[in-house]
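Two complexes come next, and they have one chain in common, subunit A, joined by subunit B in the first and subunit C in the second.
Moving on, here comes the complex of A and B:
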């Protein structure tokens, strides 16, 4: 009797867990279903909505302009009606993501390579959690600092920024050159494995040098004012909050996630491969470039893809650091407006069920589909990679 | 590579690694440096604002005088020197609390000890000199006597305010509530009238006195005493006094509500709202997340479909948070909330009760957002438990439920805890979805109070992250809001860092424990 009761309870619990588990997973997956259901009436309206679908991706006639143009102006005061054209938003999203990858990928991959190859084991064990903390920094804080501290600073110190861009790599190479001239005793005190730490004062020194050099460079090459030179000679407008600021802030935000995955991929390469190459006389960097990177390239690629997915969907940083002007220019010093920021600003005011509402939901669906696909692809690539490592290295 | 070609007497291992090694090392240091810079900026600006710095009395070349705290310096636009920004306060006199002064125009800067800084309830601070104190009764006091009388009176004032607040919370509010519930009762009405009379009496004893103030440019101002929160003479304070004053300001920042358009005083409602929302969220997300993880790992048939679902769930963690916000708005707020309003709150339509953003919908949205985090962390913990533990339990005759509840789940406890903490850390920092489902710029009513049903799930709430966004981007005077925004940002970052450190520590603990578990 007691046995029967236990069995019955077990069966009941299993059924409940199954139902609950399936329910939870269905609820999470329900997001996609909801978005699709809400967006469909846009394409097959029950009653005419008054907008032409081509207008969403083709240039429209804009009052006051001769040629048709792309405009996203959902709430227009005058009588010409709202203008819904998605390309400026898509462009803004991709531009922001692209600039953040330009900043983040070299930093993250460099850091991953360094920590997989040269870094001392103890430092590496500390570095990972530190960068994990960096990843946890909320977007609203990064966006706030970028929009209200970095943007005004950069506006006043364009020359310094340019000098930094030139001096940082040169300074690092110089540090390498100087290090090789040091006596062996000092070299042992400053090992390459801890270079990440002892290079920091050196970088601060470089910063100081750039501070001195920046204004002089500006006087020498650009007639004293880089910003005016940009506007006059190159015809580039400088917006206070622009794509480069967004790129820097969002780059900072995605560095940790790219680093973590790329480092996983690199340090997962079977030791036998790297040791073989080094035994044949390759330097560690040659080993990385010729042996480890080809083996780990899918993993590195998937790391970059995850970073791109995060950059495309990040809302608060773009909202606070980009100026939110829906422009379609290739000028990186101009503002932009991304889809995520548009949703955050406009959706609370859009009437539910209206065209504007459904268009914003379409944008959300695009974001969802893009990030989901990219992440799935990255996941598949990584699974394949792990299988390949097992085949290459055997049980390590 | 250069090192490789450099042939010295005997063959030796290459010591140099070529340029790339240094560039890659530099990218690590640069990332760390940027992180340190960001945290340092937040800490210095966030905490520095509360320091009662010296007030400078600036005499310009043309004889004009101004008093204020130095904020920063920057080069003049035409490159002919530098200018300095002073926070001079006195918005009611000057209409502006900032003053840019070119360094070349300054004749003299001094720090006279008698300069007074008053924090007031309305307007901004007053910076200037105290001329006289005029009490309700008695002689007018001037000079040092006025200052010592002022400090005494402010202490009394503080005690009086405290008494009024106590009276209101302990006596008046419960009485009002009782009257509302039970209808009129002579006894309660009499008690209420007595309490209100006591409050009026207290209030009358507080006000009345007036201050005669003078700004450094010579304008006179009459200020009634009950408007004043604090009075200080920073130039006359010692380092220790300043430290005490700083601690007090920090405490006020943490424990009081905002004043003057969210740019002064505290963020307590935002702290409270964040904590409450996150607590509600974790109450929802933990059981469901664990349930789904147990299903995926222990119950479901481990086939292709389960693997696909697992990948899908994992990838949902990478879906932008704003998409969850859209889902929350469309399904919870407009869908379920609108329906609830039609069924239960028809009387108050068209003004929505649940059909608009609120605490409940925000917590549910964030629960959905963090569900993948909990599922993934719990699954990791479940997968670490050696199979022989399960098999042993089953072999001893346990049913699956008993095996799960007595053996597997207790062992997976740290993993679940890690998942929950990570979820909380993620949720505490998310702002974008909240903008769609219920955060408010200024919520006068905290969602938790003494009124039945005590927890008001339909109310809007304040949030630390949104407070930063709002203070920094929607205020009239961004410059004045910056210190509070920095302080709030620092607070948010600290909370999240502590949560994450706890999660990291737990995970480490978990790994070392299961490392020993699976080794024998």
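Moving on, here comes the complex of A and C:
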């Protein structure tokens, strides 16, 4: 009797889980089908819409300008008509994602390599929840802080930022070099596993030094005003909310997911490989660089890809930190406008069934396709990785 | 999502569902609840008027679905609401759609006046801007008669702040953006480098943080951290966005805030709507307008509108 009850419960649970899985797949398919159905009339309109499709991707002749240009100005209702150019939005999306990866990938991979190989177990147990907390921060909050606090602060302290950019890497290298020079007795007191902690005072010191040096550098090299110098000498506009700010904010949001996956990949490398390398006389660094990283490289790659997928789809951070200027410049200090942010801002006001509405859904479809592809690819790569570990005699 | 909100069948379905669930309660509350759909600029006003109405007539409630001025004509024409607040006049197409459905035009009630202010950082010494200058700063079409763009503060005759003029404004689908484009740019096109913010408060905050910035926002979002710039009219007279100038109609970038009411000619308003509009056009309602940073209407305009709607004079 009890046996049959348990069997029944098992069967019910299986059915529920299967139903849930099918439901999720159906929902994802449903979203894709909805987007495709809404976008199709754009390409095969029932009646002429007056929108030329090649104008979406090529520069258009714009009244008042000498040369054809890309313009995304969807709300012009009078004589000149709205201007729909998708390249500035695609460019903005990719630029934002690229800068956030530039900032997040070194930090996240460095942290992952350090915590998987060198960090003491106790510290590592503290680090993970902290980073998970970071991941749990809502995008609105990060975007809000970036747009209203970080952007104005950075603008006022450009000299300091430059000094930090110079001092942080050199300072950290110097710290590592100094540690090597310490007498063996002291080195034992400051074990490598706790390096992260005793780097903290060093960071504070660097910060203080940058504070002192920044304004002096600005006066010495840039005539006292870095922003004016950038503009006059290099011809770079400095927008208050720019691609670098977006990169920093979104990098902050992306770090935890890249870290978590890369750390999994690295600590999943079978111990025997690292031990073997070290037994053969390789240093820790050589072990990391020549053995661990190549072994875990598919996992690291998929971590970066997941990060890229998240960065491309992220909406609120770009919306609040980017200024939403639909520009196409390579200047990282200029603003940008992403597809996701455009959808969030404009869709509520776009007339359903109109060209603007369908174009926004086309942007949504592009985003969907991109994240879907990237995530699927990352998942495939990760499965391969686990198979490889199993072959190498690992635990999983 | 949006598509669903706009379609009449969605509303019909929602109404049916709501009626099924709320059938017993409906009978008691029908007279007391006033559902409105429309402008988000006026959301604060509607809320405060609703609170006051509830205090005057216990049991009465005002609900606003604030999803932008464009949603008001749709809801009025579909018949889901009798009162639609809008921060701009109805377009010809919206007006015609309503007439086609009901056979009479919607009644327009002006309830308050609002203005757009051009703001700079509080330390910016700029004294005033002419129409041409304003257009040359913000647009790339120069339809108001400027010869070319003004990109640097030096071009406006200022030494401080130096450098480029950093532009801030509302996002492309807001009524504020549209009004500024029509009035200040003479219908031209914004530069693509105008930072687009999701709200007027965000524009003001961004301008407050940057000495090189200039932006436009609704009058009610003015804060001490930014300075409104007087605009010069065609005769060269400076017009500051003072409430008195806005009320007289002297300040160029002003607009009326309106309620559109579905009222057949010859009929009088239903009780809830009548009580609400009576309150809005009263001294008490106009005091709320002032409290929220908008500009109240002159007494003559108020009494004329009261007469036209068949409300008793105060």
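Note that in this section the second predicted complex is superposed on the first by the 365 of 396 C-alpha atoms of A that agree within 3 Å, B and C clash if a C-alpha of one lies under 4 Å from a C-alpha of the other, contacts with A are read in each partner's own complex, and residues count from 1 in each chain.
The rule is simple: a residue touches a chain if its C-beta (ideal position, glycine included) is under 8 Å from a C-beta of that chain, and two chains touch if they have at least 3 such contacts.
Remember, it's a predicted structure, so these values are computed and weren't measured experimentally.
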Give one word, clash or fit, describing how subunit B and subunit C relate on subunit A after superposing. clash
With both complexes overlaid on chain A, does A:111 touch subunit B (first), subunit C (second), both or neither? first
Answer with first, second, both or neither: which of subunit B and subunit C does A:214 touch in the superposed model? neither
Kindly classify A:325 by the partners it touches after superposition: subunit B alone (first), subunit C alone (second), both, or neither? second
Answer with first, second, both or neither: which of subunit B and subunit C does A:348 touch in the superposed model? both
Check the residue A:307 against both partner chains and state whether it touches subunit B (first), subunit C (second), both, or neither. neither
Between subunit B and subunit C, point out the one touching more subunit A residues. B
Per the contact definition in the header, classify A:228: touching subunit B only (first), subunit C only (second), both, or neither. second
According to the stated criteria, A:155 is in contact with first (subunit B), second (subunit C), both, or neither; which is it? second
Which superposed partner A:138 touches (first subunit B, second subunit C, both, neither): first
Going by the clash criterion at the top, which of the stretches 272-280, 344-352, 434-442 or 506-514 from subunit B hits subunit C after superposition? 344-352
Taking the stated contact definition, name every residue in subunit A that is touched by subunit B in one complex and by subunit C in the other, in rising order. 38, 147-148, 319-320, 347-348, 352
Would you tell me which residues of subunit A are touching subunit C in their complex? 38, 62-65, 71-80, 83, 88, 147-148, 151-152, 155, 225, 227-228, 231, 237-241, 319-320, 323-327, 334-335, 337, 345-353, 357
Touching subunit B in the complex, subunit A uses residues 6-7, 9-10, 13-14, 17-18, 20-22, 24-25, 27-31, 34-35, 38, 106-108, 110-111, 113-115, 117-119, 127, 129-134, 136-145, 147-149, 156, 168-169, 172-173, 175-176, 179-180, 187, 192, 195-197, 199-200, 203-204, 224, 252, 255, 259, 283-286, 289, 306, 309-310, 312-316, 319-320, 340, 343-344, 347-348, 352, 360-361, 364, 367-368, 371-372, 374-376, 379-380
Contacting residues of subunit C [partner subunit A, same complex]: 1-3, 6-7, 67-68, 70, 140-142, 162-164, 166, 171-174, 177-178, 181, 187-190, 192-198, 202, 205-206, 209-210, 213
Could you list, by residue number, the parts of subunit B that touch subunit A in their complex? 1, 3-4, 14-35, 38, 41-42, 74-75, 79, 288-289, 291-292, 294-296, 298-300, 309, 311-316, 318-327, 329-331, 334, 357, 368, 371-372, 399-402, 404, 425-426, 428-432, 435-436, 465-466, 468-469, 472-473, 478, 482, 485, 489, 492-493, 496-497, 500-501, 504
